[in-house]
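What follows are several structures.
Below are two complexes that have subunit A in common, paired first with subunit B and then with subunit C.
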Partner chain A sequence: MTLTAEHSALATAHREALADLLLRMADDELVIGHRNSEWTGFGPILEADIAFSSMAQDEIGHAQAYYRLLQDLGHPDADTMAFARPSAKFRCSSLVCLPRGDWAFSVVRQFLYDAAESVRLEALASSSYAPLATLVRKLRGEEKYHLLHGRTWMMKLGSANDESHARMQKAIDELFPHALGLFEPTQHESAIASYGIQPRESVLLEEWRRSVEPVIREAGLRVPANASPVHGGRTGKHAPALAEMIDAMQKVYRIDPSAKW
Partner chain B sequence: MVSTMSAPPTIADPTTRIWEALATVNDPEIPILSVIDLGIIDSVDVDQTRARVRMLPTFVGCPAIDLIREQITAAVREAGFDQVEVEVSFDPPWTSDRITPDGLRKLREFGVAPPGQCTHGPAVESNFHQVPCPRCGKRDTALESLFGPTLCRAIHYCNTCHESFEHFKPLG
Partner chain C sequence: MHDTQWRVFEVFHQSTRGEPHVHVGSVHAPDAESAVILAKEQFSRRQACVNMWVVPAEAITATRYEDADMFQHGTDKSYREAFGYETTKRARAVGDMQEI
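Showing the complex of A and B:
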């Protein structure tokens, strides 16, 4: 693996900080994209099925774009990163690893995730790392639609009937601690902030709370009090659900790495 | 008197030949639009027999990027350039404001409501209310789904025609 002149000029600590952040973002996108694709053919109505399939396509495309930036920093190519890496090497959050659950669960997860992503992308649009800032300025236009979709479903199901309300509240209670874990700081936290790559995770977390909590309340739902974040994903400590998903996702590649499909 | 203005490009002008070749390459997902109508060509550059095309994909995850790149390469090669390089870039980001007036007209004729002006800032559902129906032109329409057959299209319903229609999403 060779580095371009531009990237070799970066201090090692700077490069490692960038790679740490990019890997987390790429893995989150790939894994949630794969989870969303599990609704393809199974959505409760055709439009819902198409929406989750489209978002899956977007997220996996975004993951590929982040892996390309990682490749500039000396990592293997996107396919190798996605298909030839064991689950313990993934740095995704626990939120995205969870199996898709019922429709309410997936809708709430997508909403909490998209709101977090939107906060992060807004911050990264002015990142000191120009290749990332450029990419993000493109991605945030696309992500707007995910967030709008999530909001619409939150409003619809929050108050449709007793059953939908109960399922949504159950999903929020279960998912909120995992969503807080999206902002788990890593050992590169200070470097990421001091190189101007991205603000501290705690800053983004507060911003995220300001964005999701009013929507949850407006949907007639309750924001869980005293939820504590589920950490571990950013250091590779994952629940077994991730390994199961990765096994399914990497099956063809493991049989024949040169297969085209 | 000697004019300091450069001569208008002729048919033989290599850059013009590349643009003409690009006009024959259609988007695989909306085949009535050429890549020029869609506004995804940022620039063309030529050095003797070597042509360079810079393309701005509509969506980062668009599955047609590789196909479009191959089709551009084939068309430009056909126009007499041995070496063709197609660079895919997100800088500047493609926005739906880049679709040409010709492209907007073709979309409407094809039955797809063209995107309105892009709004920056968060997407709000009201941007998707009363999108004019491409068939009857009336605004008595409702958003059915933000996601349609391709990433770039949403689905609406016209209360006058009693039929659904597609809408090219404003993206910026």
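Showing the complex of A and C:
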């Protein structure tokens, strides 16, 4: 484990708090990016396929950038983190692990997820950790498009016809508890807030609700009442679907980890 | 015009503010808002863009290729060329102005 002088100067608790947050963010991005890339070649129409695949590339790019920040804190490099780590070590939320489902399921997930990411990036733009604040300010442009993409599909499919409406509602009902789980607090919650790295998850959750609920209603859909969050992802308790996905994602790398690409 | 269940929108791309919007291709989309989000990823993945237009293809009225001869000049119309200007001479010299 090698650290720069700047990072060695940080208290251990501070470094651990940073790494906890960065790992969650990076893993969420990598896994949702991979899930969304499962539409490549299968999108409902060529243009939608390309747009969705392109956003998947954006998310994987964000993951790579967060893994780089983790590397500054002493973690292995991005490739090792992505391809040589068992699924139990991932700290992604259950939302991103779910198989892609139908198109409605994937666009609702993309909307709920990117709305959460927008809220988080907005908060992190004024983080006390300068490398993170600088990075997220660069990512916000892409996020703006992702949110527009998600909102547009919500509006269109929410009211296109009875079938699209029913599929969208079913997706929202199923995904909402998992989306709430994006804000699962970890043992570093208080440290993250007190070091000024990021506000508490509960603060972001309320912000997210204020962002997504009006859109769901405007799309003619219902916000699930009394949904309770699905937790566990942030402590490595994942449904078997993640292990299957990670296995597929790491297959080629495992054939020859020393291969140069 | 409709080769799928969705309409065709022509896409125009502007690389810098003040420059003309240039036609870069078309997308299929159910409506204009969707056309914008789809066109963004088809046509600005690799090139700089500050503004994008989408226009329903059916809004465009075009001439026919059979009538291309109507654009040809039957007699010498070189008097229309602004050949007296220095810029024109320079442009001709570098070969980017075949017709004026």
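Criterion: the second predicted complex is superposed on the first by the 259 of 261 C-alpha atoms of A that agree within 3 Å, B and C clash if a C-alpha of one lies under 4 Å from a C-alpha of the other, contacts with A are read in each partner's own complex, and residues count from 1 in each chain.
As a convention for this text, a residue touches a chain if its C-beta (ideal position, glycine included) is under 8 Å from a C-beta of that chain, and two chains touch if they have at least 3 such contacts.
Owing to the predicted nature of the structure, the values given are computational and were not obtained by experimental measurement.
Once the two complexes are overlaid through subunit A, subunit B and subunit C clash, as defined at the top of the document. Once the two complexes are laid over each other on the shared chain, residue contacts for A:R254 go to neither subunit B nor subunit C.
Contacts of A:K89 after superposition: neither subunit B nor subunit C is touched.
Contacts of A:K156 after superposition on the shared chain: subunit C is touched, whereas subunit B is not. Residue contacts after overlaying the shared chain place A:K138 against subunit B, while subunit C stays out of touching range.
By the document's definition of touching, neither partner reaches A:R217: not subunit B, not subunit C. In the superposed pair of complexes, A:L148 makes contact with subunit B and with subunit C alike. Of the two partner chains, subunit B is the only one touched by A:A65; subunit C is not. Counting the residues of subunit A that each partner touches, subunit B and subunit C differ, and the larger count belongs to B.
Looking at the shared chain after the overlay, A:S54 reaches both subunit B and subunit C. Among 4-12, 94-102 or 112-120, the region of subunit B with C-alpha atoms clashing against subunit C is 112-120.
Residues 47, 50-51, 54-55, 145, 148-149, 152 of subunit A lie at the contact with subunit B in one complex and at the contact with subunit C in the other.
Listing the residues of subunit A that touch subunit C in their complex gives 45-48, 50-51, 54-55, 145, 148-149, 152, 155-156, 160. Within the complex formed with subunit A, the subunit C residues making contact are 4, 6, 27-31, 33-34, 37-42, 45.
Touching subunit A in their complex are the following residues of subunit B: 59-63, 90-91, 93-95, 122-125, 144-149, 151, 155, 169, 171-172.
If you check the complex, the residues on subunit A that touch subunit B are 47, 50-51, 53-55, 57-62, 64-65, 118, 134-135, 137-139, 141-142, 144-145, 147-149, 151-152.
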